[in-house]
Amino acid sequence: MSSRRFTSSDPDLDLLYRDLDEQQLQPLWELRGLLTPTPKVRSVPFRWPAKELKGLGERAGHLVTIDRGGDRRVLACANPGLGGAPYAVSTLWAAVQYLGPHEVAPAHRHTPAALRFVLEGAGVWTLVDGDPLAMSAGDLILTPSWTFHEHHNSSDQPMLWMDVLDLPVVAALEAVFFEEGPTDEGERGAAPESRSERDYGTAGLLPPPGRRARPPYSPLLAYRWADTDRALGRRLEATGAAAATMTFVDPTRGTDVMPTMRCEAHRIRAGGRGVRSRQTGSRVATVFRGSGVAVLGEQRFDLAPGDIIAIPSWTSWHLEADDQLDLFSTSDAPVLAALGLYREEELP
Amino acid sequence: MSSRRFTSSDPDLDLLYRDLDEQQLQPLWELRGLLTPTPKVRSVPFRWPAKELKGLGERAGHLVTIDRGGDRRVLACANPGLGGAPYAVSTLWAAVQYLGPHEVAPAHRHTPAALRFVLEGAGVWTLVDGDPLAMSAGDLILTPSWTFHEHHNSSDQPMLWMDVLDLPVVAALEAVFFEEGPTDEGERGAAPESRSERDYGTAGLLPPPGRRARPPYSPLLAYRWADTDRALGRRLEATGAAAATMTFVDPTRGTDVMPTMRCEAHRIRAGGRGVRSRQTGSRVATVFRGSGVAVLGEQRFDLAPGDIIAIPSWTSWHLEADDQLDLFSTSDAPVLAALGLYREEELP
Amino acid sequence: MSSRRFTSSDPDLDLLYRDLDEQQLQPLWELRGLLTPTPKVRSVPFRWPAKELKGLGERAGHLVTIDRGGDRRVLACANPGLGGAPYAVSTLWAAVQYLGPHEVAPAHRHTPAALRFVLEGAGVWTLVDGDPLAMSAGDLILTPSWTFHEHHNSSDQPMLWMDVLDLPVVAALEAVFFEEGPTDEGERGAAPESRSERDYGTAGLLPPPGRRARPPYSPLLAYRWADTDRALGRRLEATGAAAATMTFVDPTRGTDVMPTMRCEAHRIRAGGRGVRSRQTGSRVATVFRGSGVAVLGEQRFDLAPGDIIAIPSWTSWHLEADDQLDLFSTSDAPVLAALGLYREEELP
Amino acid sequence: MSSRRFTSSDPDLDLLYRDLDEQQLQPLWELRGLLTPTPKVRSVPFRWPAKELKGLGERAGHLVTIDRGGDRRVLACANPGLGGAPYAVSTLWAAVQYLGPHEVAPAHRHTPAALRFVLEGAGVWTLVDGDPLAMSAGDLILTPSWTFHEHHNSSDQPMLWMDVLDLPVVAALEAVFFEEGPTDEGERGAAPESRSERDYGTAGLLPPPGRRARPPYSPLLAYRWADTDRALGRRLEATGAAAATMTFVDPTRGTDVMPTMRCEAHRIRAGGRGVRSRQTGSRVATVFRGSGVAVLGEQRFDLAPGDIIAIPSWTSWHLEADDQLDLFSTSDAPVLAALGLYREEELP
């Protein structure tokens, strides 16, 4: 970068540039692209096909033991625009995680918050600070910032799910902490209901608040597909529109489930088309059921169940359904909103 | 009051008192009971027995047409401590409302907020700003401040429910407004789901916020007994305690359903006893199912389904169950809390 | 009240009324005036003239020792509409307090919140939870809910100030608590700055928050006339309008100084007229400087420094200035706002 | 990065790695340093000496016209740990800006928020959305996100001030927007008071809120050194401690002046030492007056007026004063706090 600066034909200016460089200073007037009319976006629209994610997940399952590095068998989506960084979009990590039959991914915690969206299967348990959350297809499971979490597959089948983390944001803020935890050795058979769902799983009813300060995330840690399915159906019916979106919220505040990530469920009627829009901030989405097309900027991506797509900041996008199309998406919208940087435009 | 002031043996003082009186002034040192060590409470612990409420409601149903004055066939609980005022406790109106087969209580709205708790029956509709809310035993129905509401009994049976209003508070603040509204003339047969429940009736999921400022009350207007029953059962199971309380909340904020009234559901296990406590602020409760005793101050009141009880401010109270006992209660706690005046004590 | 009910010509109805009466029930259709189109307001527009307030305060100062009942030499404004209750308007206590040279009004605390607005003089100290606040003409001094407070006159002159309390509201909610406190026996000479002002008295700068939960009122307890005067002057100059209003706020939140009372300073240019409006909720005001007229409803009240006026709920009002007119007013607006009951209308 | 992956001795694994690479996937177990026990911090403790900043600023003033690129004559502090990026710490831009006599830096706006802290001089005006804010030594001037701003030097002396922007955060979130604006051509002579200060510059007093939604930053845009100086002095006196910190706040909310940056003024008594601590998040500071030492991690940096220092995330630091030492600092603490990522430790 600094070499470009010594190109002036004025020797005094060259000397100034040299001295600035020595003093770890850079002249603004030689910097380009800092304050652009619209956002400079690094990640590109992209799709990771389910077929590949699943096939490679299975191969990893056979070749790599779970205790090898990180205690998680995870394949991270690396957006081609990000120069090799293992992030699906600029501010979100997205990955598939493969947990073999009767495997255990042991307990740890970290300040980056995570969520799991189950693409298929059942019979896995995630323990969050000791509370066992059953995982089945279509469920959203939260493992918020600094909560201990571990995954147990008590079934005879492997499970594949999508992980999303706010890791790029927490890393950019230089606030990553990590700690190993004690893993629960107990066997889990039949499905007890989680404490989280017992206390917070009924719409419009809450238990008495405890005396301790509430953490800044939802105490409801599992959102079941049956509920999501019904809510999307009701909403489509209520509005009569071609598409419906429901936002997953903290039932004690009505706010996003975690301070860094907004989770949404989308349904497009067969043959329908969602609203075209663009927002500041990045988004990843995965198809749960149905088929159609994601139109991201100028590009069209066919969608099949299990596909993961990257929707970069300020990129116009919409969805089109062949069969009724259900997607789950995560964005950094709460970050943008908290900092006064959220903008949204509907497009024709 | 003023006569008491001219009793001094000092003629100058008498003269001062006379002149003060003329000037519409009162000497603080002659006033008693303004600043008391603990609250001066006017209402008294009381019970209105279900048997009488129901019997008198039915008699009123036969004798009084619904269009006679106020368009509502309502019997208001008048606490004996309140000198004839038609209030169950100092800050809450409580009443039973009787709606005969195929009767309609026409539309109106008022700034005092109201809620309905259904004691028995089914087949009645309350329309709140045009949204039809079916009413069945155990349901809580909100008609918040300044929402148009009307009641339609589309069944062949009368219905009796409990009304609670914050009328004494709104009247004390001199902020009562009232307006007649256009009544929906349509016949209602089978039960469509309310828009309110379609949009807000799933735990942890919300539709996109609209562009208009949200009113300060819950957009979820009906809380169904099936949900309340399940939540109380889960909570008892989760805590292992003798008693459970769940609070009805606005799902978009996690706060009380309306800014003036806290609604709670209570369950005491058969043979169990709830915590004894006292709070600033007043409460009314009704028994939904089961039997037991309410101990209010030093008095014991036997409880049967449909009984209404008054629990005055700063009065120690607890519940004891014979059979499993389910109650619904409303208090002015949000008012006390908003004004920094809420105090609570657990008692042995 | 109940006698009026037995006037039906239908013996069955009479019997019903008798039985309702026995059961402490009242038929809604026989109640009048509960739900009125606009608020039923009990207090009336009124003025207590400064001349009388001062003269009677001085006479009380000579005739009544301060330790006689209540430890305060206070003359309470009793609105003629309130049937003898010692309240200036339905929701506010207003009074003049007279403290003779070298007198001490000993320490106590109560849940009703109070404020003092100094009409004339200097040299008095109010200690609020031990923090000494000097009082001079035009100053606003807060003694929030449940803070110990005591008044010391360290000068050779008596002082007269206006007290305003939310007592009617706290009493209606049955949440009055009272406690005597230990009085500081120290002599106070020269004026130390209060801790409150040292920490919170600079616009836009705050000390680090402490670890304890902040109480729901302003930590800044004294608002000096010099600041108020300058702010009103700047505001008039900035807007070019005939009248300016500034609201006293909690500098740590930007909200009203206490959860039950809004304090405002008003200035009307000489010959000018303020906006005519009405609001739900009640207000009391006192003239600090200047002269003019308060038009309350249909009535005109001449204004002189030290006059106290009562502006009832939903009563249209405005101010007209002869000389530049400065008033201090207190209303219950935060209560109305917190409960969703605040309405305001500008009038022609 | 990808080359390192093909080093396995297992050909199947090599094949998996190759296929993952083709599919834009990365195996978590081959990634290092993502989830570290404590934050991985890129910027390093650093000091830019005032002497160099001033000398180079003056040379730039002579050599570079202000209209050359960016319309600002700015030297950006480039932390040596950031690989050439023009940022003082990972999340903040800090720079000195030099404006010659009678120069004008024309109007523009951008979503990154900026603030100016004046190191010396007087006679410059910054117009923020048309409101003229005089700038003098020790003043803090805000130019919040998306407000038009321009700088006019109406004096015969150049001025040097420090700029701080949240640019790295807004760029990382891909939310940078920029727009040129119309520059005010008027001459400015004597100092009118800003509207901002007229309305919001008195502690504890606010004008009536307008009808439009308030933007998420302080409406008070200038914080004067006279106030800061007095507040620091009062605070030191009040606590008796060796050091005092005051936080600049939005007077309408009591929160940080802008949603992305916390501004603080620090004073250390002559011979005193501040508390040693560390926080998540980054900070830059500049010395306004006095001398001493900044101990950042293991390094000691002598401090003189005008020096700028970089304090990276989670780096222990404290200040020591020779003469009474006054600093101004800006951190990203509101970002960390809003996202639930703020941690702080006092150290011995």
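Order as written gives the chain letters A, B, C and D; numbering starts at 1 within each chain.
Criterion: a contact is a pair of C-beta atoms (placed from the backbone, for glycine too) under 8 Å apart; a residue touches a chain by one contact, two chains touch by 3 or more.
Note that this is a predicted model, so its numbers are computed, not measured.
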**Steps needed, at minimum, to go from subunit B to subunit D via contacts** = 2
**Prompt:** Which whole number of Å gives the spacing of the CA centres of subunit A and subunit B?
**Reply:** 44
**Asked** What whole-Å value do you get for the distance between subunit A and subunit D if each is reduced to the mean of its CA atoms?
**Response** 30
**Centre distance in Å when subunit A and subunit C are each reduced to the mean of their C-alpha atoms** = 53
**Request:** Please list, in label order, each pair of chains that touches.
**Result:** A-B, A-D, B-C, C-D
**Complete:** The answer for subunit A against subunit D in the complex is residues 1-2, 10, 12-13, 16, 19-20, 23-31, 34-42, 46, 48, 52-53, 56, 59-60, 63-64, 68-70, 72-80, 84, 86, 90-91, 95, 110-112, 145, 167-179, 215-217, 258-260, 280-282, 312-314, 332, 335-336, 338-341, 343
**Request:** Enumerate the contact residues on subunit D facing subunit C in the complex.
**Result:** 193, 195, 197-208, 218, 220, 223, 227-228, 230-231, 234-235, 237-238, 244-254, 257, 265
